[in-house]
Every structure is written in C-alpha cells, then in structure tokens.
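Down below are the structures I want you to see.
Paired with chain B in one complex and with chain C in the other, chain A is shared by the two complexes that follow.
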Partner chain A sequence: MEAAVKTNTLKDRLYSEFETVKNSLLGSLQIREQAMESFLKQGIPNRKSEEYKYVNIDLVLKGEFAFSTDKTTTCEQIKHTKFLKDAIDIVIENGVFIEDLSNIKSLPKGLQVINITDASSNETFSKQYSKYADVNADTFIALNTALAKGGVFIHVAKGTVIETPIHIINISSTKENLIINSRNLIVVEPNAQVKFIESFETVDSSAKTFNNSMTEIVIDENAIVDYYKIQDENENGYLINTTQVYQKKQSVFSTNTITLSGSLVRNNLNIVLDDEHIETHLNGLYLTSGNQVVDNHTLVDHRKPNCNSNELYKGIIEDKSSATFNGKIYVRKDAQKTNAFQSNKNILLSDEGTINTKPQLEIYADDVKCSHGTSTGKLDADKIFYLRARGLSETSAKKLLMHAFASEVVDTLKIEALREYVEEKIAKRFE
Partner chain B sequence: MANEILSEQINKDYEYGFVTDIEAENAPKGLSEDIIRFISTKKNEPEWMLDYRLKAYRYWLTLEEPHWAHVSYPKPDFQNIIYYSVPKPKKQLGSLDEVDPELLKTFEKLGISIEEQKRLSGVESRIAVDFVMDSVSVKTTFKETLAEKGIIFCSFGEAVQEHPDLVKKYMSSVVPYTDNFYAALNSAVFTDGSFCYIPKGVRCPMELSTYFRINSAGTGQFERTLIIADEDAYVSYLEGCTAPMRDENQLHAAVVEIVAHKNAEVKYSTVQNWYPGDKEGKGGIFNFVTKRGVCLEDNSKISWTQVETGSAVTWKYPSVILKGDNSVGEFYSVAVTNNYQQADTGTKMFHLGKNTRSTIISKGISAGFSNNSYRGLVRIAKGATNARNFSQCDSLLMGDKCGAHTFPYIEIKDKSGIVEHEATTSKIGEDQLFYCKQRGIDNEKAIGLIVNGYCKEVLNKLPMEFAVEAQKLLAVSLEGSVG
Partner chain C sequence: MLSIKNLHASIDGKEILKGINLEVKAGEIHAIMGPNGSGKSTLSAVLAGREEYEVTEGEIIFNGKNLLELSPEDRAREGVFLAFQYPIEIPGVSNVNFLKTAINEIRAYKGLAPMEAKDFLARLKEKQKLVELDGKLANRSVNEGFSGGEKKRNEIFQMAMLEPKLAILDETDSGLDIDALRIVAGGVNKLKSKDNATIVITHYQRLLDYIVPDVVHVLYNGKIVKTGPKELALELEEKGYDFIKEEVNA
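And then the complex of A and B:
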C-alpha cells in the first residue's frame, strides 16, 4: 500500500510539473494535454503491467527527482564521447540540445538541424510532430509527449545523400536525481540517404538520471536510413528509449541497438511499414552484467503487401543481470506476400542471471512467410574443446566464442569507425 | 486411409448437435451459497467437501474475470446458468440393463456404444469408459476388471464416498482453488467427473476414457478429473466431448489434475469437439479449462495430446510441473478453428528438478473468420540444472480473413538450461496443391491430405481409436473453408 501511495505522489508531481511549465513546453497545447490525460490514465507501470512485467520501473522512480538542472559540462569533459573522427556531432545534455558543444556550423546542403524548441515555425515540423507515436499505446510515449522540452529536429531534404554520419550524443550529467524527457524528430524526404548514430553516455554524474528519451523517424519514398544506437551509461543511468519509425514506399531502414551498460535500459522500437516494397532490418546486441536490467521490445507492423523485415537480437548475460526480449511481428489483413523473420539468441553465463524471451507472431494474412526462433543455452562444450585441443586456454577459448557470437550483430554496422569502436568496447568487456 | 475418411466426411456439418429427450433434474438457475449447499447435499458429500466448495466460492467472489487472452466474447452471466443437472433421478447402476435406453441411444449416436464395448471385452484393444452427461457421471464400464488389478476408476462423486482419503490427499494439490477465476468457480460448483488411481507397479491394461456430453439447455458443465499414478504405474487416458447445437453460449469450465509418482507415466489425450457455433458464429460452447499435471517424483512422465476442433471460444493450457529429477513433460496439440471460432491454447512447462526435459509441438490451423493463438510458457527455475526444452509451433492459415498468432514466454534462470523455440506461419503451398491435383485429387481432398500430413507428428501420438476420429474431425472442421 505504501508503494502505491508513493507512486501516486510521483504521478501528482509529474502533473504539477506539467501544470507549471505547460506553456513553455514544445508542441501544441492540445497535443500535450491529451498526452498528459493519457499518461494519468495509464500510470506508471509496475510488475503487474504485462508490457513492463520484467522491469521494476516503479521502484526506480522512488525518491525525489528534479526535472531540470543548470549544470553544463565543458567541451573537454565530453571529448571522449565524440568517438567518431569524421561526424556531425549533435550534443544533447540532460535532454536539452547544446549548440555550443555540437559542430553544426557548416552542414551539408539539404540537411537542417534545429533545436526542437525553435522548430514550431517550421512547416514540416508542425505537420509531422507527434503524428506517429500513439500516446495511448504506451505510458512513456504519453509522458514524453506531455513533458518534452528539448531535443532536435533533423530534416533531410529530397534527394540529399549525406556521407558523413550524424552523431546524436545524449549526455547525462547531474548532481541531483533527474527525470529527463527528450524528444527528437527526424524527417527524411524521398530519395535521401543518411546514417545516424545515437549514443547515450554519463559524464561527471553523481545522481540518478531517468531518461525517457524518444525519437520519431519518418522515412519517405526510396529513402535509405541507417540508425545505430550505442547505450553506454553508467550505473546511475536509467533509460527508456522509444523509437517510432514510419516507412513509406520502397524505403530501407536498418537499425542496430547495442547495449553495453546502464542500470536499466528499456528499448521500445516500433516500426510501421505503411506501403509496398519496404525493407527493414533490426539488429540488437546486449551484454549485461552486475545488476543490470535490459529489456528490448520491438514491434514490426506490416500494413501493406510485399514487404520484408528481418530481425536478429543476441545477448550475453552475466552476474545477476536480467535480459528480456519481446518482439512482435504484426501482419495486417492486407499485407499479403509479407516475409518476416525474427530470431533471438542468448547465452547465459551465470546461475543468478535471468533471460526472458517472448517472440510473438500476430498474423491476419494468409499468403505470408513468417517465422521466429529463439534459443538459449550455455557456451558449447564441444566448441571449447575444439579450441583447447588447438592450444587455447579455457578463458581465451570462451572469449573467442563470445566474440564470435557477438560479431554476427556487430558486422551489420556499416560505418567502419563505429564498428571498430564497438569491437574495442566488447573486447574490453570480455577481459 | 485419410482420403477415404475425408471423402466420407467432407460434406458433413456438426453431427453431434442433437438433443436427447431425457428427463433431467435441474437445480434452479443462479449461483449462491445455497446452490452450493444444494449440490453438496444432492451428492451426499461429507462436511470437508462442502467446506472446500464454500471456501472456493468465497474466494471466487473476490476475483475478476480475466481478459488477457487473445479472445473476445460476451461475458457469461453467472447467475443465468444452471449449475446442477442430472439426466434422471440417479440410482446406483448395477448392470447395463438398468441404464436408460435413451441414454444408450445417445452414446450410440456418438459412436461409442456401450454394448459394443461389452462385446469387445475379449479383444485386446478395449477401453474402459466413464460417461459424463451434463453434470454427472452416468456409467462407468469395466470397473470390475480394473478392480482386480487394484485400479480405481469411477466417477468423482463415488470416489468422494468410497475413497475419501485419496481424494482429500490429492484433490486441489495440483490446481488449488486459488489458481484462477475458472478454477475457483469449478472448485465451488463442480458436480462430477472422473477419478482414477493406478496403484504401485500396475500397468493399466486398457485405455481409460471419459466421455463428456452437455445435453440440457441453460446448463454449465463443471467437471473435475483427478488421475493419480503411483510408483511405477502407467495409464493412458482419453477424453472426448460433444454438445447439442444451440443458439446460446454454454459454459464449460473443467479442472483436470494429474499426479505422477516415481517412475510413473501418464498419457492424457483429448479430442475436444464441443459445439463450435454456427457459420455466423452464433452459439457454441465457451471452453475455459484448467489442466495441469505434476511429475512429483523422479523419472516420472506426463504427456498431453490434444486435438481441439470444437468450442466457440477455447482457453486452455495443459501444463506440467517437472518437480522430480529426470522427469519428462510433453505437449502435442492440433488446434483447428473455422468460421468465428477463437482459440487461445498452449502449454506451460515448469522445470524445477534436475535433468528435466520437455517437448512442445503445436500445430494451429485457422480458417474462415477465426483466430487461433498459441500461448505457452517455459520456465527454468534456478537450480534446475541441465533442463532441456524444445518447442515448435506452426500455424497454417486458410483464407485471408483469419488470424494465427504465437505468444511464447520463455523465462530462464539457470545457465545450464537449453531452450529452443521455433515457429512458422504459412499457407498451403500452391505447388503442393498442384502436385495433388495433377494426380487427380480434387481441391478439397488435397487440402485434407496436406493438413493431415501437417498434423501427423501430433496425430501419431494419439491412441489408434482416437487418431481415426481426430482425422475425421479435422476434415469436417475444415470443410468448405477453401475454394
């Protein structure tokens, strides 16, 4: 009962925060009020909520939280987070876009990066903002839509091909517990091609951050978009990361979610394939340890015929950590000739660890090829023996096998510098 | 073989939809403590049984109907159901001659003649049957033959009277009344069912079978089955069910409990063919069943095989708790839905003991406007070392207005566990159909052939008599669904 009272007070505090700042937030007042109403109705999930049953979010949110903080980090402090030599860096600190730390002075032609709080005059922005993520589908979408006050709007004009990757760097740095609601909107117009990397890091932080970060991506006809995520916050980081993707005709979207650390990481990746001949690739890798909780939820919504989707998520679970994979392929009545595949593979290395997996198929069309598979096990003793017979020590044999297991996902990263960075991180991890 | 059966059956509708004109004694409609006392008094039950019922009822009152399954249906009005209906004032049946001839006719129509059973008694493949009509068991055959081996096979009511110790010890030990909404309801109002006890070291010489039949209008059927296999025992148990065609929805909420002791093996097969409703989705049975077995001690084995073709709404998850070391759980299922039928079915495997193994093979077929879901749980608890599970869930879609869904839950807390799950969804291949048609097999027969092939892995697990019936049923259920 005590917990319930506390949850209520948090809900109340979120509501009073909304009431005080509602005129300074972004998006139209009507959208936000609807979102807040929906959030109050859905509430903060607990273990009994089917969609959040493997994460204790209500426990994370116990205690005092602020909604903004003044402190800003220096360029020097965040240098290491800009790990790509050649990239367009966009820095979002504690949910607010910091132009000084970013390098967007000379952007390629056709690319626009605007602080989301200044974007309301932009026609495309007002047309597309909050149009794709349904506030009634998830309580954190509702909360973000109601309380978002920072982030970026990225616009890639028709036919623009951008070679340099765009790196969105999310930094948590705070001395007091903080709830962040950051929000990005990315609109990629027809025939454009662009690559994104979004990373989550903690810099000089001594308190909890609860980051409810959300990105909407609209991909127009024939556009090709890559979107890679590296989640590497420290044990103070609690991250709810929602990505809502809307794809149009013949577009190609590839995403890769790599979770290395952070106390709690919950990814909600929703992709809507709303026209024909669309291609979607979803990959994910999670290496969990300590008391970490990682929960990957994906939804691939096939609405129209002749589309392909392919999903591969892999995980290595150590210590007392817990990993969840919940993937759903939804094939609507009209989506004939759909090919949809889903695979989830896990290695459990400890007796205290937990793996929960729930690959789901919900299919209403008959002329489709859909399948899913999942397997969980330990490192294969035969393989270890094979390597040991060739002179490798047991530890190095295990390391090699884990590396090979992870590389199936890492190899799908198309940016070489990023792939090297991730491989280095993984190698360090297996030390 | 399959073809003959198919051609013979292809144009049939639901053939068990008749009503037997038989005198019935009904309790008044509705549910209250008085009704429960009435049932208990009618059945001449001891005090502890009534207490149990009332406890379950009071708990049930605190519960809300669950809604998480992928089905939708009008909420049953629990006050508009007759909870007790007896085919006639029951007296102890000594011989077959005393059975109401109307009743015998009913079972003959169902294709399970009691007479025939008697005649076959010299033959090896015989089956002992317990017939349950509406609320109570009407006749159990072969009781004496079984008694010679020490096997107890009787109606649940009789077991309460004659073997109270066994009932007291095992009832509710696998499915407590607190388990879920419908288990609580069943525990409060169950009227009869089957009871079976196989003593130490006995291999049951024949198939045991219960035949369930809903007959009276406005009634709900709430039966309970309890099967206990003592050390080194073996039993194969069959269950079949039918109901008349009616426009109203009738509720069937059963509980089945299985206990397997050391080295024991229980094989439980179901052919579920409750009335599925008409082509517009009107009427039909709501089948909300709780089935669970526990492999209590080492080296025991429980195997569920089910062919689900009937019911308007099915909601059942035969489960196995693998408690003993080296115990084995199996689940083989074929679920067919047509017209407006909805099925949400699957299994749960709880691995608690060491070296436990489980296999899940589920084949779903949806046609018409139906929805067919597999929902299953595989849980490997901490300390359940070297547990192994393999699951395969295939769905076949016939037509573009139906749905096929897979919702597996896998929870692993032990590093030595190995779990594999595979699922596919597809339709019958054009090339397969073409191949058959080219050889002179018409469309409908070809589909029957392909479907039977698709389900073979499961059908092979059924006892022979049931396999034939199941194949027929598959053909009838899918009749007219393609073209």
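And then the complex of A and C:
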C-alpha cells in the first residue's frame, strides 16, 4: 500500500503519483507527459472556474488521499451489483479491472475484453487510445490521461451483433480516502451492434472515493451503440465521469445517464458527430436529495450535414441538494440540415434545493432545425387534488406524479430487465 | 345520507355560499340548477374538499361523519365522488394504473385486501362497456389528449369503477354533443341504485331529460332559493332564471 504523502499540496502529490505510473504501458509516455503538463496548467477547479462553479471540487479534495489500496471485495459482497441476470459482467474495483470477479470467460465471437494495462500491444488500441478526448479541453481529462492505470479496452469487430448486454460495474470500496483514475476505451467497428450498461456503486466502504472515471467510445460507420449509466454510489462517493464519443457515418448512439445517489456526481458527456446521417439520443434523469450535488454537462458537436440529435434531461430536486444542467450544442458551418433538439425539465420539491440550467446553442449553419427548452416547477397542485379526489393519499398522488415525470426518461431504456431495476430503485426513492 | 346545514364558504375573503341547506337520501337524484356565478361549482368544490375554499359556518354530515373534518382522499374513500367540470390531464399516469391504485387505497381504508388482478380486469371490462369507452383510452395516460366528450366519459368511467355512494356531477353536460350526453347519462342511470345518490349540478335543463331528478333545487346568490319536483327544471328552461331573480329580489 502506498501511503499518502502528508505534507505537500495535492498538485505535488498528483505529480509524484505521475512519476510512479508514467512508465507503465498504458498509453505512450509522450501522451502522459503532455497530459500532466496540461493538468498542471489547468489545475484543480474551484468556485471561480466557469465550467465547475457549481461543484466544490477543491473542497472535496481537501484532506488526505491515497492513490491505491489493498482493499478487495469478494464475489459475495458484490453479488447485488450484478443486477442483470444475463449480462457480460466486467468488474472494475477502485479503477482496476478484476478478472476474477468478472464474467468474460466465454465471450461472443467478435467481442474482445482486455485489461487496459495489457492492451498496448493491440494495434487498434494504440491507434485509438486518447485520440478523441482533448487533454487541453478539461482538467479531468488531462488528469485521467496522465494518471490512469486501470480499466478495460473493449473491441467489437465488424458486423458483430451482440444481444447480451455488456455490464461494466464500477465498485468503490476503501478504508482510506482514495483518488481513482479509471479509463476505458471502447471501439465498435462498422455495422456492429452492442448495448452497454455502466454502473457505479459503493461496496463496504468507510472512506471517500474521488473517482475520475473516463471512457472513450468510437462508433464506426453504421454501427449501433446503446450506453446506459446508472450512478448509485453512497455518500462516500464523489464521481467525475467523462464520456467522450466519436461517431462516424450513419451510426446511431443512444445514451441515458441515471443518477440516483452519490455525494457529488459530475458528468461530462461529449459527443462528436463527424460525418453525415448520424443519429444521437441523449437522455438523463437525476433524483437528488440531502446535500447531494449533481452536475450534467453535455456537448453535442454537429460537424457534418444531415444529422439528428435529441436530448432530454429531467430532474427531481429535494432537500438542500443542487443540480446543474449545462447543454451545449454546436452546429458547425458545414452541418447544414441538422436537426438538434434539447429539453431540460425539473421539479423542485423544496425551498432549499437549487437547480441551475443553462442551454447553450451555437449555430453557424443557416439551414437547420434546432430548439431548446427548459422548465422548472413544483408538482402541479391541480393534479394532486384530482388524484386525491379519487382516493389516493397525498403521498401516493405525489409519488405517482413523480414516477410519471421520470418515466419519460426511464422508458427510453431498451433493456427490459434494466428498466425494471431502475423503476424499482426509483419507487424505493419515492417511498 | 348527506345533510348540509347553513353552509357558508368563501374564497380569498369573498363569501360565495351564504347558508346552504340540503338533505339528500339514498336512492335519490337531486339537481342543482342556477345561473352562472350562483355558487354551483363552489358547492361541489367544498364537498370534494378543495383547500382554497374556507368554510366559515355550517356543517356537512355524510353518513354520520363530519365531512368537513376529512381530507379529500378520505371523503373519496367514504364514498364521495366528484365528476370534475374540467377533468385534469395527467401525462405519464395510465388510467388503469391510477384506478388500480385508487381502488386499492379505498379498500385499504376499509381494511380490505387489494383487489385480485382478475377481478379488477373484469370490472374494468364491464365498466368500460357501460360508458362505451374505447379500451385504448382506458390504457392511455389520464385524460391526456382526450376530447371534451372523452374526458367527461372518462369521469363517469372512473365513477363506475370506484362505485361511490354519493356522486356529484359538476356541469358534466357542458361541452357535450347529444350522443356523448346520452352515453354519459345512460352510464349514470345504469349505476343508480337504492343505496347511492346523485347530485347533478347544471346550468341547463337538457341533461335532466336523460337523468330524471327526484328533486330540483335552484341556487342563486349562494343560497337555495327554490326547491321543487322535476317540473321545476322545465319551468326554468321556459322562463329563464330571471323569474327566480325577480322572485328573490321582490
């Protein structure tokens, strides 16, 4: 176990961690050095950082943090996290892929799952790794690229259709405060079809985890990819989750980010549509309570003509929690005939809760259809009365209305077992 | 069954009901008619328990219970049903799911176990037929995208499903074409029994051709100013409300 260095600043400690990992095989030394340099320039964001002003990251990172731990969970302990009966389970514990806990012995033809630390000899990996996420665009991309030492590389070969969902299970489990930088690369080749679920959970943890988790997804021509996220860590969980997606011609990408718990969750979802006739669906649902902070930043970059993107994020904010939605859409000069739609709707259940919502559309093409809308309100008193007048208690009337509000997003989950799991979780939340 | 004594109610400090007295017995149909602004909708809102209205005087006893002390849901569970003048649209909540929840909460209030799924389905089918409601509508979100007539039919369908003791139909005829009116009235008539009662609140006599009342009351300026047999409705239709106003003001 590495002991955390106690006296130096966090930046210094991150730098010394860099010295220990920089020669590992994950990515080239050059990539890592550039990333570290960029991180040192950008620094750890504070309240004055425009992109992170609603999340107190510098406060979260006060105190001592280690970079790795001996803690290992048992098969029995994580049983409940494998909530899909028929799935290819990939377990990543504290940012490290654990093959023993996973279920990848007999994979369908055309599917490869490789520990990312063993992937550098793979030609596709070397070609694609760290190619899409720009270290200079975001400090956590830089930090992750500099320090990542675990995760998986998933390769779906040309024309492969995988019916069984692939479930990436991120488990935080530690007895001392821990900074995690986990990194995945997913490459889906032309005409392939695949569904992913990525979940984040805390198991048997008595200290904070700060998980800077990042996934790059490359979707080649005509491929269809679903990517669903369930973020359900406990109050020890602090998560920065970056997803960098690159779509090629005629590909379809559908994603849904469901945030149920965790002290802090920041999602950076960046999608580049870099050819014609691409379809992108982004949905999100956040149910916040207590002192929770959830911040969804999305970026949809329309670079070429004739593409469609559709975005719907909904949130229910309780107690003193705070939620942020920041949705950027770029429609570049070449991207004529773009259809880009965005909507963010919120229900604020308490006077102390906060919602910040900021749609940002930048349109440089002149023949496009784009719209955005945002609304924040309380539960409708007329609806509550109508339900009560039929015999429903006030509580169950509210529950029914919240469930109805959430269902617009939940219904987009195309895996039935997952939808049922999420619905059950939501029902429990509204108890 | 229902006994209203000297009921006064106001909203935002303005008195709307100024001493209503009304006795309704099981098996009866009462019509409450009156010009616009006479307090008809306020009376139905107060009966259902809308919190915006403040009852300043009087009492409402329903089957021996003080209705004014009960929450809206407990009134419904005791058997009071209000068919809304303007039914609310609730996107995302399916009619069927909502009715199942309602029935089971009413049953729980009475200490009964939840209804068996097959019994519920059977009731659903039977009552749908009663109000000629398309099965597709029953499965859709509550009132979402329904036409005016469909919404009113859906109110009667809900009433049929919940089997109330006292049904209050608030301007159920407004905005209905003659076919929809016939269907809605037919539904109400088929649900009539010696154990339940109905209050029909309406501006026009038209509905009363189909739902024949035992007693007709005229509400004017927050008070019941005239009570009579079903012929009173015809007289009102013929002479208009002015003769009532003249009588009262004389």
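Just so it is clear, the second predicted complex is superposed on the first by the 422 of 431 C-alpha atoms of A that agree within 3 Å, B and C clash if a C-alpha of one lies under 4 Å from a C-alpha of the other, contacts with A are read in each partner's own complex, and residues count from 1 in each chain.
By definition in this document, a residue touches a chain if its C-beta (ideal position, glycine included) is under 8 Å from a C-beta of that chain, and two chains touch if they have at least 3 such contacts.
What you see is a predicted model, and the numbers here were worked out from it, not measured in a lab.
In the superposition on chain A, A:Ala389 makes contact with chain C only, while chain B stays out of contact range. Once the two complexes are laid over each other on the shared chain, residue contacts for A:Thr374 go to chain B alone; chain C is not touched. When the two complexes are overlaid on their common chain A, residue A:Glu408 makes contact with chain C while staying clear of chain B. When both complexes are overlaid on chain A, the residue A:Ala365 reaches chain B alone and has no touch with chain C.
The wider contact with chain A, measured as residues touched, comes from B rather than the other of chain B and chain C. Applying the stated contact rule after C-alpha superposition, one finds that A:Lys333 touches chain B and leaves chain C untouched. In the superposition on chain A, contact of A:Thr357 is made with chain B only, not with chain C.
In the superposition on chain A, A:Leu348 makes contact with chain B only, while chain C stays out of contact range.
Contacts of chain A with chain B, set against its contacts with chain C after fitting on chain A, share not one residue. For chain C in complex with chain A, the touching residues are 48-51, 71-73, 75-77, 81-82, 84, 87-88, 90-93, 97-99, 101-103, 105-106, 109, 141, 158, 162. Across the complex, chain A meets chain C through its residues 382-383, 385-394, 396, 400-401, 403-405, 407-408.
Interface of chain A with chain B (complex): residues 50, 333, 336, 346, 348-378. Partner chain A is touched in their complex by these residues of chain B: 68, 382-383, 395, 397-427.
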